[in-house]
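Order of writing sets the chain letters: A, B, C and D. Residues in each chain are counted from 1.
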Amino acid sequence: MTADSRLIRWERRTELPLALASLAFLAGYAVHVLATGLPDTWRDLSLSVLFAAWALFAVDYAVRWRLSGQGPRFVRQHWLDTLVVLLPLLRPLRIVRLYEAVLRRRGEPRLSLHARVIVYAGVSTLLLGFAGALAVYDQERGAPGTEMHTFGDAVWWACSTLSTVGYGDVTPVTPMGRFIAVGLMACGLALLGAVTGSFSSWLIQIFSGEDERAGAPGTGAGDGTGPPES
Amino acid sequence: MTADSRLIRWERRTELPLALASLAFLAGYAVHVLATGLPDTWRDLSLSVLFAAWALFAVDYAVRWRLSGQGPRFVRQHWLDTLVVLLPLLRPLRIVRLYEAVLRRRGEPRLSLHARVIVYAGVSTLLLGFAGALAVYDQERGAPGTEMHTFGDAVWWACSTLSTVGYGDVTPVTPMGRFIAVGLMACGLALLGAVTGSFSSWLIQIFSGEDERAGAPGTGAGDGTGPPES
Amino acid sequence: MTADSRLIRWERRTELPLALASLAFLAGYAVHVLATGLPDTWRDLSLSVLFAAWALFAVDYAVRWRLSGQGPRFVRQHWLDTLVVLLPLLRPLRIVRLYEAVLRRRGEPRLSLHARVIVYAGVSTLLLGFAGALAVYDQERGAPGTEMHTFGDAVWWACSTLSTVGYGDVTPVTPMGRFIAVGLMACGLALLGAVTGSFSSWLIQIFSGEDERAGAPGTGAGDGTGPPES
Amino acid sequence: MTADSRLIRWERRTELPLALASLAFLAGYAVHVLATGLPDTWRDLSLSVLFAAWALFAVDYAVRWRLSGQGPRFVRQHWLDTLVVLLPLLRPLRIVRLYEAVLRRRGEPRLSLHARVIVYAGVSTLLLGFAGALAVYDQERGAPGTEMHTFGDAVWWACSTLSTVGYGDVTPVTPMGRFIAVGLMACGLALLGAVTGSFSSWLIQIFSGEDERAGAPGTGAGDGTGPPES
């Protein structure tokens, strides 16, 4: 219990700095990839930011492992964290936690579960799509036969992939670019699952609500299961 | 409560005029985009219709804000309305409310929830797809390297996008066209979620019905959860 | 009630003949579209079969309307039947009813709901995909700039559309072909919804089963909610 | 009952050898397809491995049929097994059973249902995608007009098909390749259904949990329905 509470305190304290480090990592990577015209000093600086943020993530992972007192099981149980330390481009995902923390602090009611799932899925998709577009653009730029001439093309490709539309007017041609693309496809599937699952459970919730109201009239008012205000 | 009831009365009274204004807005935009051969008078007229409808939406928004007595919170709580005032092409969405109102007035039983969700999703998709095709066609027409030569091509592209099929034989090439396209992709995801979620919750409802019937035989007749008549 | 029972008796008696007529219609249409090398006698014969089947559908529709004693409401309540009379290519869909009837007569237990939904969706998709491929091939064949050279191409296109994959290597280019294609896309969405919804409700059913078993151990055996045998 | 228990004992004993035979089959097929530069001895060897594994599957099927004491009904009830004997490339699917068996033996708690579904779907997709890419590459290689020049292209195509993205930059052009591709599309649909269904039922489960907690506060802690650790 004490270990748990110390872990929770650590997570609460490091939440904001780590979220900022995530954004710094993403920004550093974006500068590194996109700012090809900048002098070398800038690119070196962006690289330092990148590695500094990475180091922070590793330190955080190590401290949390220590505090959990779990041994090797920690690696498997927190596989998403492990993955994030290895592939820090996935790190921005954790920013969604910050959003929740901000909501909590301002004393507002937490969003309903469905809205939360949609917001999480949306923000994660936005960040992962941006990171994926950067990574793929970094690989594809200058490859022979590529249609991905500008970063705009890469973003357009990422959008059509994440929505599983897949026009195919712009596609990665390098092995590494395609490897990253497969990861984005998996994200697209998950996004679809989140959107669909939310809809489905929202409908089911309304139904149960209606059934209960039919059974016991006059109790269903203000239960917050109605369609969202528009 | 009084504010609420006044708000409801306002919404009921403005329902029909605003729905007509929505259609007028869409028609005006369609004329503006498609009728390139018409004399300038017609295009000016369609523009006036456009702005008049827009003004109506803004007035309605202001009155409802006032009646709600909510202050700045209103903007966030009615974010869909706010968005619609900023991007009136999304306005036709509200016509689905009219459909419900018509049903209610004619004293007919309201459609079952699943049918309603499907009808809403269908009508919204139709209207948004039409508006999206118009907006993208407006951007793409005459762009170098585009495959979108006629408005028919734009509609075909919109359909393949909304169903997340995404052939890619016709795709937007301008930055603005692609930006709108990303919005349509999001609509496609939502449509998929609505269709899938309805199916899912319909099946679950039938199941619970069957379980109850198995437990208490003879009570399940005429509960309206069976498959739709064909 | 008497009207109802006579309607049911009529439907039971006409089930098999109408299903055969559906297959005859589809076969006649296939011969009409594909057998371009046959002498005119054959094409005339296939046309006669087509119209004879169509006439049968119309007669069945009229009789059922009469027996229902419903007046104009019948048209809207049985909108799928109405649509089928207007667009008989959708008629083969009703064959899924025959399948159920056969199962019932042989005294076998009816398939579980999920299996039934999957089988229905599969058979409907197969028949509609075949009909859609025929109709689109009929439109596209010989159109300038088409990639749909053989009926095999049309079937391949229909498959990639129904699964919402949408490669885009073969796409319709004529307005009519694209119109039919949009219908197939809608079928693809519905198929996706059926598959997803079945999975979802199957998982939920297992869950409730597990919860009940945890609460009252020893009662859950043999409830038929386990994963399908393999 | 005795037949059942003998069947179960047989299945438990043959689990590991058959899983290894499945991998041997897949490996043999991969060598047969990809190792075109190897001397004939190697290719003959891989073919022998292929047929030996196939024979094992057939023997296992026959023994299980015998032990079940079911007669012809067995073929239909175990249709997936029947299909696997006819199309052994689908056999690797059964390896997901091994994974579960391993978990059980090590005395660990079984994964939650949702995690299990996701893992099953993921592993099945991986294996089927690999087998499908091999089979399609075998057909397409050297076909006139194909874009599938390397096995990497085939894997890339399989990924874009299984996620229902469908870029269409690489597509099969031979009839047999397209036939296999349709099978992969169906797998993609099922994968989508599994992911979406898991999300959906997970959300619904959380909801019921929250409802119960609201009704009887203080009972909901540690019920394991919270979001997965990250």
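Side notes on the structure shown:
Heads up, the rule we're going with is that contacts are C-beta pairs under 8 Å (C-beta built on N, C-alpha and C of every residue); 3 or more make two chains touch, one makes a residue touch a chain.
The chain list, named the UniProt way, goes like this: A, B, C, D = Potassium channel family protein.
On a predicted model such as this, the values are computed, not experimentally measured, just so you know.
The chains in contact with subunit B and with subunit D alike are A, C. Traced through touching neighbours, the fewest hops from subunit A to subunit D number 1. When the contact pairs of B-D are matched by residue number across A-C, A-D or C-D, over half of them reappear in A-C. Counting the residue numbers that touch the partner chain, subunit B and subunit C have less than half of them in common.
Counting C-beta pairs in contact across A-B and across A-C gives the higher total for A-B. Chains compared, subunit C against subunit D: the Cα-based superposition rotates one onto the other by 90 degrees, nearest 5. When chain centres are set by their Cα atoms, the one at the greatest distance from subunit B is D. Distance from the subunit A centre to the subunit B centre is 29 Å, each centre being the mean of its Cα atoms.
One inter-chain figure worth recording: subunit A and subunit C are separated by 40 Å, centre to centre, where each centre is the mean of the chain's CA atoms. For subunit A, residues that reach two or more other chains under the stated contact definition are 164-168, 192, 196-198, 200-201, 204.
By the touch rule above, subunit B contacts subunit C in their complex via residues 152, 156, 159-160, 163-169, 191-192, 195-204, 206-207, 210, 228-230. Within the complex formed with subunit D, the residues of subunit B that make contact are 164-168, 196-197, 200.
Interface residues of subunit C, counted against subunit B in their complex, comprise 77-78, 80-81, 94, 113-114, 117, 161, 164-168, 171, 175, 178, 181-182, 185-186, 188-190, 192-194, 196-198, 200-201, 204-205.
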